[in-house]
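Shared chain: subunit A. Partners: subunit B in the first complex, subunit C in the second.
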Partner chain A sequence: MIWLNQVVTGVLLGGYYALLASGLSLMFGVMRIINLAHGDLAILGAFFTFLVADRTGWSPFAALIVVLPAMAGIGWILQRTMFERSLRSGVLVPLLTTFGLAIVIENLLFEKYGADTRSLGPQIGNLAFDSWQITGQIFIGHLSALIFVVAVGVLGVLHLILRRTPVGRALRATAEDADTAELVGVNSRAVYAVAAGISVAIAGLAGVFLAMRSSYDPYSGPLQLIFAFEAVVIGGIGSLWGTLAGGIVLGVAQNIGAQLNPEWQILAGHVVFLAILGARLVLTAIGDRGGLAVVLGREA
Partner chain B sequence: MSSYRVERWDRVSVAATAALCAVVVALAFVPLVIGANGVDKLTTLLVYLILAVMWNALAGYAGLVSVGQQAFFGLGAYFAIQLSNHGVGVYLSLLLASLLAGLVSVPTSLFVLRLRAGVFAIGTWVVAEAFHLLVNLDHSVGGVTGTSLTALNAFSAGDRRDYNYWATLGAAVVLLALTFSLLRSRTGASLPAIRDDEDAAASVGVRVLATRWVVYVFAAIGCGAAGALWLATSITFQPNSYFSVQWTAYMIFMVLVGGLGTFEGPIVGAIVFFLIQDRFGDQGVWYLVGLGGAAIFFALFLGRGVWGSVVDRFGLKLLPVGYRLRRDERT
Partner chain C sequence: MTLLAVEQLVAQHGLLQAVRDVSFELEEGERLALVGANGAGKTTLLRTIAGAHAPSAGRIVFDGGDVTGVSAHRRVRAGIALVPEGRRLFTGLTLEENLLLAASAARHGPWNLQSVYEAFPLIATRRKRRAGDLSGGEQQQTAIGRALMTNPRLLLLDEVSLGLAPIAVESVYESLERVISGGATVVLVEQDLGRALSVADCVICMLEGRVVLEGPAKELSRERIVEAYFGLHRGGTAT
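On to the complex of A and B.
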């Protein structure tokens, strides 16, 4: 039963990873940028929420009313000042710029807030540790369930925006072919800025949830980026709902690893990620050679 | 009437290469002249130089932006500790450890080399994290707390310093020479072609994967050597500091500042980085913010770096790896 509990908790943890990954995936899908500062932007959102909640005495959830638009604004500004320029110079420059940005954000946060590990847990009261007991050893944490539901909600809203709204149509058209989209009157600069805004706002939201369910410090970002990336790749690059599947696989893998040996938690996630990556490469290689039958020599 | 000829060497580059060889010979005698502090600093500079040259070969020539070279830096140090603990002579372990780091990159390459651009970048990072966690699990080297290279205690502090310096100088010269000849070879000529357009390169018969593989494994050996040598100078091994992504940040900074995709650039970048660190390293956080900011600035506004800009303006090539067309004036 303890194993089943770990699987259930892992699935719920997958919701958090999906939230983290969806912003990364959106930006990659539309602009072909892998934003190496994505994790650090999430942590920035957590610090920002901490600051707002601390100054105003609001709950962290109320603080989101200020934080999410502000994060979207930061995404918009980053796109206009930095990403836009880097996009014009091929694939290397966006990587190098966002990596530089990551270092700047981490160290500015460290300069301002020091190395202390913080958590928003104490500020959300019982929500941080209450849970429903399903059966003997199976518990569902209220907060984990909330995060999962919010993640599915965010993915659903993103799905509707992309499929049903004019903005979504412009986003998909630009992702497909920015130049052709321009020809039919889409302003790709504005579209990119919208995508960056949404992406960074969702990253900030994910960061706040991380801060509620565990702890964070100025250098927590890179690991979150790696988790987000693993969820994106496991789920299939460019697929929105795939990030949920990828997040769940990652969450379950980590929890089962942790149950085997607490030291194996994160490693188990990496191993499953690499195994899936390896399996896909093998399948692609077989496909390139004309299918399994040909490779095994059973068919000419 | 004028005709054109293709040339690699000109008077300036022959003179510059000869001067560089003279500098190397002079560097070999440095420990006899300058004090302990100076030797330590030069050793550090040479390790930075190795890292910069390796990362430039990957990103500047092969178009492989790796954020995971700390994997091989850490593994180089780790293997050196293990070999020396198992009775291998300490300086021999440094050499073997570099080769072992290269050996590890062979299976790793199967996973990462088919990935493209950004996916490759974080893919290498995940691999580095996986190796980091595996080494953390190895309690024979103290797990997370780490251990030290005790075998070096056999030498006096002064001897150790000089030996480390010569070993690092030797490694730097060999790796630089190998990079030089690699880039001038047929493989080297196909690298920029792959970087600029993979499909087009493949269509004219370049073996894309095999070519990338050579550079990837070579860079792993080089970064492994840098890690092993860093261990020899700092003695202590803590997985968290050796497998830190900060090493990659340093490499990116050096190469961007010096000039991505120019042979001389990383040498300039390593010297600049060394001077900045020597001067501002104690500023801690602001120093790192500055490094990140400078990386953004160079990537966005000065993509060719300091040396690249010099090359573009004056057509100067001191260590020629490419060819160029020159007009013969005959009347």
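On to the complex of A and C.
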């Protein structure tokens, strides 16, 4: 039963990973930018929420009313001032730009807040540790469940925006062919800035959830970026629900690893990620050679 | 009145000058056919007028205003629409989404979903299909419909018959002629000279980026256009 409990907890953790990964996936899907600062922007959101909650005495949830629009604004500004310019210089420059941005964010946070590890847990009271006991050994944490529900909700809303609204149409068209989108009257620069705003706002939300369920410091970003990457790659690039599946696979793998040996938690996630990546490469190679029957026949 | 004036336009692809010092004017309601061999600069000229390609010299004046430095989506709003070569539909969107996307530019005019489907009945039954799954002829009609959805004052058509089966070309032109007989201002790039001459009021023939022949379609003989087309007059053999 303890194993089932780990699987359930892993699925819920997957919601967090999916939330973290969806912004990364959106920015790559629309602008072809691999945002290496994505994890650090999430941590920036956590610090920002801490700051607002601390100054105003609000709960971190109330602080989101200020933080999320501000994060969207930061995404918009980053796109207009940095990403847009770097995109004109080829594929490598945006990668370097976001790498540099990541270092700048980490060190600014370090300079301002020091190396202390923080958590928003104390500020959300019982929510941080309360849980429902389903049966003997199966517990569902209130916060884990909340994060999972919010993650699915955000992905659902994002899906509806992309599929059903004029903004979503413009996003999909610009992602496919920005030149031609301009020729039918779509302001591609504005569309890019909207995508960056959504992406960074979701990253900030994910960072706040990380800060609530565990702890963070100025250098927590890169590890979160790796988790986001793994969820995106496992689930398949460009698919929102695939990202959710990828996040769940990663979360379950980590939790089962942790149950085997507490030191294996993160390692188990990496191993499953590499195994899936490897399997996909092999399958693609077999497909390119004309299918499994042909490959085996040649060897026989 | 003059709707479009192109003044000493130069456009380059890197070091290659695709359009060299091209000037012409187009009156409201006029239909211009742009002819010339492959690589003569016709597509680049259209793309530069539409704002998809930045010129390196010269001016483009539309409806009395200089639009040379104006971005493509603003030109759409001003009333310039290009049906690009190779159709360039958004293949991941449905046919109807392709049309609706262009409607977001929101110029007022006679064209909306309903009137486009009336003008192109062939595509009306395919509206929920993904654009990538349409036949070539259906894609071309959708591409023209998409441009019309912006309610353009100037319609630029780049090789609408390229890569289509003859019967599909016939049906595209049938619909197109109905559309442009309503008095639209059109610049048309077309390989089929006979078709170009039958649709257009005036003709510009380009060769290696320059205008080598210009005149009303009725007054230019097919022979003179063919000579200009291949650059035969330059050898001194022209009549």
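Simple rule for what comes next: the second predicted complex is superposed on the first by the 297 of 300 C-alpha atoms of A that agree within 3 Å, B and C clash if a C-alpha of one lies under 4 Å from a C-alpha of the other, contacts with A are read in each partner's own complex, and residues count from 1 in each chain.
Basically, a contact is a pair of C-beta atoms (placed from the backbone, for glycine too) under 8 Å apart; a residue touches a chain by one contact, two chains touch by 3 or more.
Predicted, not measured: the structure shown is a model, and the values here were computed from it.
Q: Based on the superposed arrangement around subunit A, label subunit B with subunit C as either clash or fit.
A: Fit - subunit B and subunit C, as placed by superposing on subunit A, sit side by side.
Q: Pick one for A:E182: touches subunit B only (first), subunit C only (second), both, or neither.
A: Only subunit C is touched by A:E182; subunit B is not.
Q: Looking at A:L108, would you say it contacts subunit B, subunit C, both, or neither? Reply first, second, both or neither.
A: A:L108: touches subunit B, not subunit C.
Q: Under the stated touch criterion, which partner chain does A:L296 make contact with: subunit B (first), subunit C (second), both, or neither?
A: It touches nothing on subunit B or subunit C.
Q: Can you report the vertex angle at subunit A, computed from the C-alpha centres of the three chains with subunit B and subunit C as the arms, to the nearest 10 degrees?
A: An angle of 90 degrees, rounded.
Q: Scan A:I2 for contacts with subunit B and subunit C and give back first, second, both or neither.
A: A:I2 contacts neither subunit B nor subunit C.
Q: Upon superposition of the two complexes, what minimum C-alpha distance (Å) separates subunit B from subunit C?
A: Minimum over all C-alpha pairs: 16 Å.
Q: Enumerate the residues of subunit A that count as touching subunit B in its complex and touching subunit C in the other.
A: In the superposed arrangement, which is not itself an observed complex, subunit A uses no residue for both subunit B and subunit C.
Q: Per the contact definition, I'd like the list of subunit A residues that touch subunit C in the complex.
A: Against subunit C, subunit A makes touches at 166, 169-170, 172-173, 176-177, 179-188.
Q: Inside the complex, what are the residues of subunit B that reach subunit A?
A: 59, 63, 65, 67, 110-111, 114, 116-119, 121-123, 125-127, 129-130, 133-134, 136-137, 245, 249, 252, 256, 260, 285-286, 288-289, 291-296, 299-300, 303
Q: Quick check: in the complex, which residue numbers of subunit A touch subunit B?
A: Residues 28, 32-34, 36, 82, 85-86, 89, 91-97, 99-104, 106-108, 110-111, 222-223, 225-226, 229-230, 233, 237, 263-264, 266-267, 270-271, 273-274, 277-278, 281, 284 of subunit A touch subunit B in their complex.
Q: Under the touch definition given earlier, write down the residues of subunit C that touch subunit A in their complex.
A: Spelled out, the residues of subunit C in touch with subunit A are 50-52, 71-73, 76-77, 81-82, 84, 88, 90-93, 97-98, 100-102, 104-105, 146-147, 149-150.
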